[in-house]
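Inspection log for the structure reproduced underneath, given as structure tokens.
When the chains are written out, they are named A, B and C in that same order, and each has its own residue count from 1.
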């Protein structure tokens, strides 16, 4: 794909996501789809983080922890610190990144299932901490969180106050979509730059990577920090939409789902988690009509997919030159 | 103090059985059976159904659980895990499959047994009371002893039977075992079936004491993972130690921090993470290269 | 002639097993030193100790007088002691040329952030690496396979690629792990010439582990012989050939006898 083609594809994608889809939704009257797609966009951001951890060769089932932590940082800053939501976003992300450095330094040495299990425990720990800590209000959670206020830089209103909007759902959709596009742009750039090469060298042969001067411990922590940043901002964004947060908002199931989104899309492809999230979330939603059989059909399809395409959906595209 | 210890032993025995099943599967196939908790729940429901709905004795219920889960385990290994392991390039695919199977079993349980909590009446009445220093209902003692017996039988089986030895060889070195003529496929299947069976039997045992419901699957899996992490994955002694340690920690924690179950678990989990950061292979696991 | 590398009493214990026991020798700058010995003599472990991929149980390794043992492996690489690997190449899915370019990472001046953002310095680095990679390709005679995917390469070429990757780091000391393994006579002679040129034209000090005795005799300035983790002999090729202890060690281990 030449550069021109690439930019054209990006422009087209933006057009579809930011203009055509909302228009279609408005026309069809199915306004609930705004929320569905907003959720897909935000969840795909968290999943992108998990994908990045895979990229350095680790199985991360702990992203739910950072989503929760990010959510609480944002919620607390808004309710107790009276800080505008927009500023809490990067703050939540940064806090999660720093936290993940602390946690990652000891645990990133572990590999395979061992690392996976520790991250699983991490999700539980964050939930229990949220329940037990005095300032998080325990099981009652944090509620009545204000809608995002206006974002005013140097006197210019960049983002209007959500309270004044006629259709906040659409606004949230745009917010999520733009965040998703930015996240994947960053991810794509990482993968296709030297940083990506180095991460792949880690995957292939750690000793050889060391030989060419890669500080493997540091690189892993860096990737993990970026990954957790994504988790944090996803969680914080959910807080703005649902205007409430509980310790149970992000649990192990969510961590597992983020991982599943990556697998399904295909771990070898940057856009894998986006596709995986879309399929799994929509798939689950669509199956709602089947009532009691929802979980049965969902899981059967998952198993069938694993039998048929054990390397993810995008592996159908697996020709030389396409794979990253 | 003695009460805490006895409680811990009782819990530990159950946990050890669960952990053994999980570690066996892991050692043979390098697969973490995400569905282990669900198999435990399924075992509980089978026993419940056999006893409460068909009116058969408890032992029959236990046997039914064992057989049913063994069958399920064998089928799952042969038709699901085997092809995926063969065809996939990454080890994560088996994790996804295991997760799918966990959801699937949850769905089955929901459909066949419903959402309600079920329990069985005590199999033995009365309470053992030693001067109020140790108070333990007889049925718990019985279940605890049954569990310990099974752990012992399992160990003996793995040490001395032909099947057991084949599986241990397989766990140690797949290639070497194959060269020695061990049928890898067959013993993987047996191992998985055995692991599932153990989970099912514990479910059956505990349905008379704590009851069983759909939601217990996930947390039980997590506890089982923790146990083998503490003790060392893939190692029998590790599973047993992990089981008893977790049982003891719960007992101690719940007694000391009687007010808050959450803080108990938080303390357990957090210390586990610290422990693993320092000693990733667990207590008995093979050291890292 | 200056001493570039000094191994002092290097020892490595794995539990009760002593893999390398109190091995000492020096390497002069710009020379080729081979480490030989029967299978299991501890040669690979010694290499790992020198490049700091394993911790010493005792003893140390000095590079120009500075201790490099027990440092992080990437730090040792940065200081100029680089180890090549037998069969593995960094990127199976990239071409030979791309592999060599990436291996220049060690000598990049721009930071990771710079590469992410595509700053001028990063771009300059990339251009430099491409040029250097082409130079290495020419030097090693890899032009015919420059655009071949690394996963498609046969053994001999993989070995050359491994050496190219090592060269990209601009090492002071290059540790070659069995560079002649699996090669026929012509290929071996070609590789011998290449290694000599490494020393002569690029001033690289070369340490190698090898089993191919004729090649070792032909190429080495000095030879160190290990057996059961201990140094049993050291000297020029002719000294080693006539050393009774060495002959015994090889015959005793059912290995090929030394001879030309």
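Just so it is clear, contacts are C-beta pairs under 8 Å (C-beta built on N, C-alpha and C of every residue); 3 or more make two chains touch, one makes a residue touch a chain.
Because the structure is a prediction, the values reported are computed rather than measured.
A.B. asks: After chain A is dropped from the contact network, which chains belong to the same connected group?
C.D. replies: Groups after removing chain A from the contact graph: B | C.
A.B. asks: Looking only at C-beta pair counts, which chain-chain interface has the most contacts?
C.D. replies: Looking across every pairing, the one with the most contacts is A-B.
A.B. asks: Could you work out which chain's C-alpha centre is the most distant one from the centre of chain C?
C.D. replies: Centre of mass proxy via C-alpha means gives B as farthest from chain C.
A.B. asks: Give the identifier of the chain nearest to the protein's overall CA centre, each chain being represented by its own CA mean.
C.D. replies: Measuring from the global C-alpha mean, the nearest chain centre belongs to A.
A.B. asks: Just how far, in Å, is the C-alpha centre of chain B from the one of chain A?
C.D. replies: 33
A.B. asks: As a quick test, compute the distance in whole Å between the mean CA positions of chain B and chain C.
C.D. replies: It comes to 49 Å between the two C-alpha centres.
A.B. asks: Using CA atom averages as chain centres, what separation in Å is found between chain A and chain C?
C.D. replies: Taking the mean C-alpha position of each chain, the two centres sit 43 Å apart.
A.B. asks: Under the touch definition given earlier, write down the residues of chain A that touch chain B in their complex.
C.D. replies: 54, 59, 106-107, 109-110, 112-114, 116-118, 120-122, 124-125, 128-129, 131-132, 252-253, 256, 259-260, 263-264, 267, 292-293, 295-296, 298-300, 302-303, 306-307, 310-311
A.B. asks: Residue numbers of chain C touching chain A in their complex, please.
C.D. replies: These residues of chain C touch chain A: 51, 53, 72-74, 77-78, 82-85, 88-93, 102-108, 112, 115-116, 118, 122, 149, 165-166, 168-169.
A.B. asks: Which of the residues in chain B come into contact with chain A in the complex?
C.D. replies: Interface residues on chain B, with respect to chain A: 26, 30, 32, 80, 83-84, 87-93, 95-97, 99-101, 103-104, 106-108, 110-111, 218, 222, 225-226, 229, 233, 260, 262-263, 265-266, 269-270, 272-273, 276-278, 280-281.
A.B. asks: Under the definition above, what is the set of chain A residues touching chain C in their complex?
C.D. replies: Residues in contact with chain C: 189-190, 193-195, 197-198, 200-201, 204-205, 207-217, 222, 320, 323.
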